[in-house]
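Step one of this worksheet: look at the structure below.
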């Protein structure tokens, strides 16, 4: 069983190697076979292992496999060691399973592309690194995966590298995440200095003994790790790269920038939960960042016109929910939301991709419309996804996960009403912009003529995901309704229980409020964009609303801010010093010696008389030394 | 003796190349290749014999060869190799082979003299790595200068003369100051031992007042940091690197810079343990300055080889930080950095050379979108830019990670600043990639992708860097006894009097 | 009257300086040669004085040598003067300035 | 005059007879070749004689001369240099001068002067040697009276040399006045350790003459002009033989009266050394005329030599001897190549003329490269060991100021050597037409000689111990 672990990342890796080395000479069918096949095989193995795990839990609730000694010095050693426990299982399942679906979808979606092989090579490499990230037994190996997914995201965002904008977006993504990574690296150094190890289980066991709760060092560690997470998961203030990252192909957005990579931060925090629990400050920071992010991103999502940007901002905001959940100590709820979110957000991106492709790469939702009847499959699947995103009560997976978070935001150990308020506002906004998206894209009259419709290879994954984004929620019900909690039981083999605080209102009230707010949001969307759009016209007239809209549209102007504060000064600094100030020193020396040479040469003017004077000067000098020396 | 043979083989090979060139141009290349390969094999055989055996710290010498040279001055022909030297030798001959290969078609004129110089440069370098007699060391230190000067001055680019002068004069200045220091140390030691000797082992135990020691140590250190190079003594590097022919840049970046680091590790630390501890803080500071300053300048450059040259300044900053952290882990990282930087930056210079062969320009403004026509080269370039920004699973990551984690224990603030270097390295690396290989194809004439020979070069470099990234342990095993031995003499416990600033 | 070497030495010094001034000030090569002779003889005088002070013949011996040397020197000198006159049609030393640093002709590097 | 003394003086007598023989040969209308060959043989015989008599050394020929190991070494160097110079001279003068024969008389005479300097330990012998050297040099410099401003050079040298020897004589007179003796050791005994101001003034005046002959700043102004104006072989003679002789007597005098022990004299020499190192190197920086450039570099090099003179101990003497050896070989090589490349009309003194030499005459260029590297003091060459020895003696005495200046200025110096090197290796403008060799035998002999010299230069650079031991042994003979 343990020996199978290595296969899971190894298969995509093999796929990557084959495709990158020989890919350019292979026919597309074989490329597709290798690319999608490797991931699917990995998915099957995962499911197999998962079955085993559920039926007969291994000792210590984890399978482990040691491949080889990576590096070892006197007091530090890191190995290429894999580990599969409950938390890992959830992530690996999502990565391989959703990944496989997306690969299958891509085989059709990318069929016209010149660099077919390069695409699948990069995708496979991504899956491999992502798997390493979540299966790593020590933080160094995890950092390897962490950087690896960064690389792949860079490669895939800039996949169509001939358009400068795409390359710029790719670079931006890499730079900003790199900032987070650097913070995380420092965190690792500090952690190592304190504990003398980077092996995750050892950290989990030693940390409580070594730090007393709230100690400054552990807070620093937690905050630095959090910063790393914020970078990868596009949380404020490092969120600006994700909307631009939509420059990549839609499957990439679905896999990397919705389902898996962007949730790496969530994984990191959950993985290091012991450290975080030791530092209330860090927990509070996590929750606060989550709350602010989900609100800010939600607002931005309302104003976008590019379908993928809308989804991107909604992703940021949903991950905000996850951070909020982790922050308040609702560990399983956070992971559960990741679980459902992976399905419906991947679905939404894939469906959006289908729409975009059949509308000749039209991204602007206001030039879409009326697709309801012409692309029924896409419509229904998209609807399912949208419902989940908006968290329609009871019938959507999103409800079950998000409702938990809302409830814990108030009532969990570190929760408080403020957080709940923000979260509920976020829910309202989410429902609103989801409805807006649905109505504008699928209702109304058609504005762009449809090209070729998506084929089976694209629709089937859509359907599977659609089903999942309905039913995935049913494995975990609110305690007061049905007593079914398969998911939390599973993940709480690794994560701690969610502790509630005393004296909070009964849960049912929260559920009703949440449901009501969601419906309200839906209704608002319905009114504004379908029933009587005149209101919008009035708003467009008023400058205040317009500027507010632009403010949201620009994502609260973070980009301009960073541009003025960091980018421009940096460029200026480098430009003025292009020719290295220190070089002036050498140039100075050179010119001085030239001058000296000229002066000395005057003495060599060929005049005999002057030469005698030279001798005279010499003798005067010598005698002078004797007299005054 | 085998060490002496390595030197002799190279020298003989060089002379043969020069003489043969009159009759046959083709044979010359093969002779040169053969000579270097032979040495590579010899080095590997040493590794084979001694690599597995972890020798005890005190006498970590795997091979030791000594013969009288100038007895009147107590100068002996003393060569020895421990793990560190061996690693450096392996690197030297590996890159040496590649340098011969990559000048295969690039160099047209005066082939014989070219390979003569190439092989003599390698001679000097490998001599530096094995010389244990300080006079001999200085001797080789200078020997590697002159042929390199010719390589730059004769086969270099448009501005080659200026670059060659600068290179020679900078290094010569450092070298002569080191010579004075060597002499001073020599007399102090001989006054104590009663016997005149330039032998490393005899000079090791020398005791002197702090002030004297500081001056002498500075003499050594200056020579080495100029070679390294450390800001503000780095100005020779961009010119030399950008003007030199490809093989020249490869050797400069891959090997010559390493002689500086090697010198610090081999001589400065063991000979002057106390005073080095006193300057450690400043050295680390300048190292960090180098990291960031080099990165900023690299970002600004438009000449591809200049850009890569400045990245070397940045990377060598890590070496400086690591050495003066006085931690075994950091020291391991330093050695790794010497090797991996040699490989990765060398590879980048080779790529630059290939681009120049195809496009006849070094200006990245006139490149762009080359991936379309040269996907293989693009892929390799991607790999090595990633290496230079320290991506895991490539060797450079191991090096920088160990250096930073090691020095974090000894000086937090410096290390944090140095870690910021990772961000800057991402900036310049991606910019390089973007300007050269990505974006709209500037020229529509399709360029030939990697040839078989170039493929061979790049494949070997790639394999090396990936192997070092995924399984660096052999190298670390090789050097750990050396570092342990130094730990004894230098007593890394010095770092307990350093400022360990704990975070508030 | 008592012999006072210091006085003679001073006289010699004065002679010597006179000769030097002559060398410095005269334009004509022949006069320069003459001035040099004066300087040499001043030295000779000093030697004689020294020899007299110690009551040794060495001073005079040296003087003889100096005379001989001066003669030979002048002979070669005059030969050169003739050549100079033939080639440059002048005996002005300031005219002899062909050999000097020609900074204006230096190349850039 | 005992037989032993006569035996000891045998080499010098041979040297004297050499010039007489040449006169006779001219009288009997012998050809240039014959004279050349005879001269060559005579010089060889001198060396053999020196070797033959080495067992009886040291022999003092009271009161003027002393023949000891010290003298033997320097005379050896001088004769060796003259051998090479004579070889160079043949083609050069054969092509340019209708009657080249008298040249050899003068050459051997001035050689005799230099040789006498090395064995002189008395003011009179010193004076005679010096004048013998100079007076014949005046004629030598101006020997090719019609070309290349030789006469101007000769005249300048004559006037300045005469002035400087006037200073020398006056200084001697002062010292004699003070001490009542003209013999070095006697002077040393008279003065003891504390030197009276008059004495030091005398030394100061003598320094003028010595400094003038060695071309030390500020008595260096003649050097460039004379180097440029004189025929190339004569220039090499000035650069080597005369300087060796004068430096020998300076060393001997210094050793005898413990000049360096006197702080004042020490300061004077240190100052002169520093000045020479700086001025020489700076002056050479952008010089385009190789002969002038070598003049300036020689100024710098004698600055270095004075650094080795400053300690005034055995190590210093050995160092300076080795340095002089390496330096004279190097200079001979350099001027030999200039001679070889000179055309009938003008000497090959323009740097431009050397552009791309390596691709036209690879061997010559290689030899010249070795010479230049040796001048620059780069390892593998004798020049490096020389500089190393000098530095060693300096550091041992802790003469930090001169040593540091030495290092820094030699860094500056490297620049102009590199300039020549890069010119040598620059791409040739156009393959110059091969002018046919007139005297193949001597041409090839000279070619061979140059190669041999280069090899020797490398040899003493890599394995200096043989030479060093030799010097040590001879000095052991020395003790007066």
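Order of writing sets the labels: A, B, C and D. Residues in every chain begin at 1.
Please note the rule applied: a residue touches a chain if its C-beta (ideal position, glycine included) is under 8 Å from a C-beta of that chain, and two chains touch if they have at least 3 such contacts.
If you want to know which protein each chain is, UniProt gives these names: A = NADH-quinone oxidoreductase subunit L; B = NADH-quinone oxidoreductase subunit M; C = NADH-quinone oxidoreductase subunit K; D = NADH-quinone oxidoreductase subunit N.
Quantities reported herein were computed from a predicted structural model and do not represent experimental measurements.
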{"item": "Chain pair with more C-beta contacts, A-C versus A-D", "value": "A-D"}
{"item": "Averaged-CA centre spacing for the pair chain C and chain B, given as whole angstrom", "value": "63"}
{"item": "Chain centre separation in whole Å, for chain D relative to chain A (CA means)", "value": "79"}
{"item": "Geometric centre distance via CA averages, chain C-chain A, whole Å", "value": "95"}
{"item": "Length of the line joining the C-alpha centres of chain B and chain D, rounded to whole Å", "value": "43"}
{"item": "Two or more partner chains touched - positions in chain D", "value": "155-156, 159, 163, 224-225, 283, 286, 415"}
{"item": "For chain C, residues that touch 2 or more chains besides their own", "value": "20, 23, 32, 96, 98-101, 103, 109"}
{"item": "Residues of chain A touching at least two other chains", "value": "601, 604, 606, 608, 612"}
{"item": "Chain-chain contacts as defined at top", "value": "A-B, A-C, A-D, B-D, C-D"}
{"item": "Residues of chain D defined as touching chain A within the complex", "value": "155-156, 159-160, 163-164, 167, 197, 200-201, 204-205, 207-208, 211-212, 217-222, 224-225, 264, 267-268, 271, 279, 282-283, 285-286, 412, 415"}
{"item": "Residues of chain D defined as touching chain B within the complex", "value": "358-359, 373, 378-380, 384, 388, 391-392, 395-396, 403-404, 407-408, 410-411, 414-415, 418, 421-422, 425, 463-465, 468-469, 472"}
{"item": "Residue ranges of chain B touching chain A (in the complex, touch as defined)", "value": "166, 231-232, 234-235, 238, 296-297, 299-301, 328-329, 332, 369, 371-372, 375, 379, 382, 386, 391-393, 397-398, 401-402, 404-405, 408-409, 415-416, 419-420, 422-423, 426-427, 430-431, 434, 437-441, 470-473, 476, 480, 502-504"}
{"item": "Chain A residues touching chain B - in the complex, by the definition given at the top", "value": "20, 24, 68-76, 80, 118, 140, 143-144, 147-148, 151, 154-155, 158, 161-164, 167, 171, 174-175, 178-179, 181-182, 185-186, 188-190, 192-193, 216-217, 220, 573-575, 577-578, 580, 582-583, 585-586"}
{"item": "Of all residues in chain A, those that touch chain C in their complex", "value": "598, 601, 604-609, 612-613, 616"}
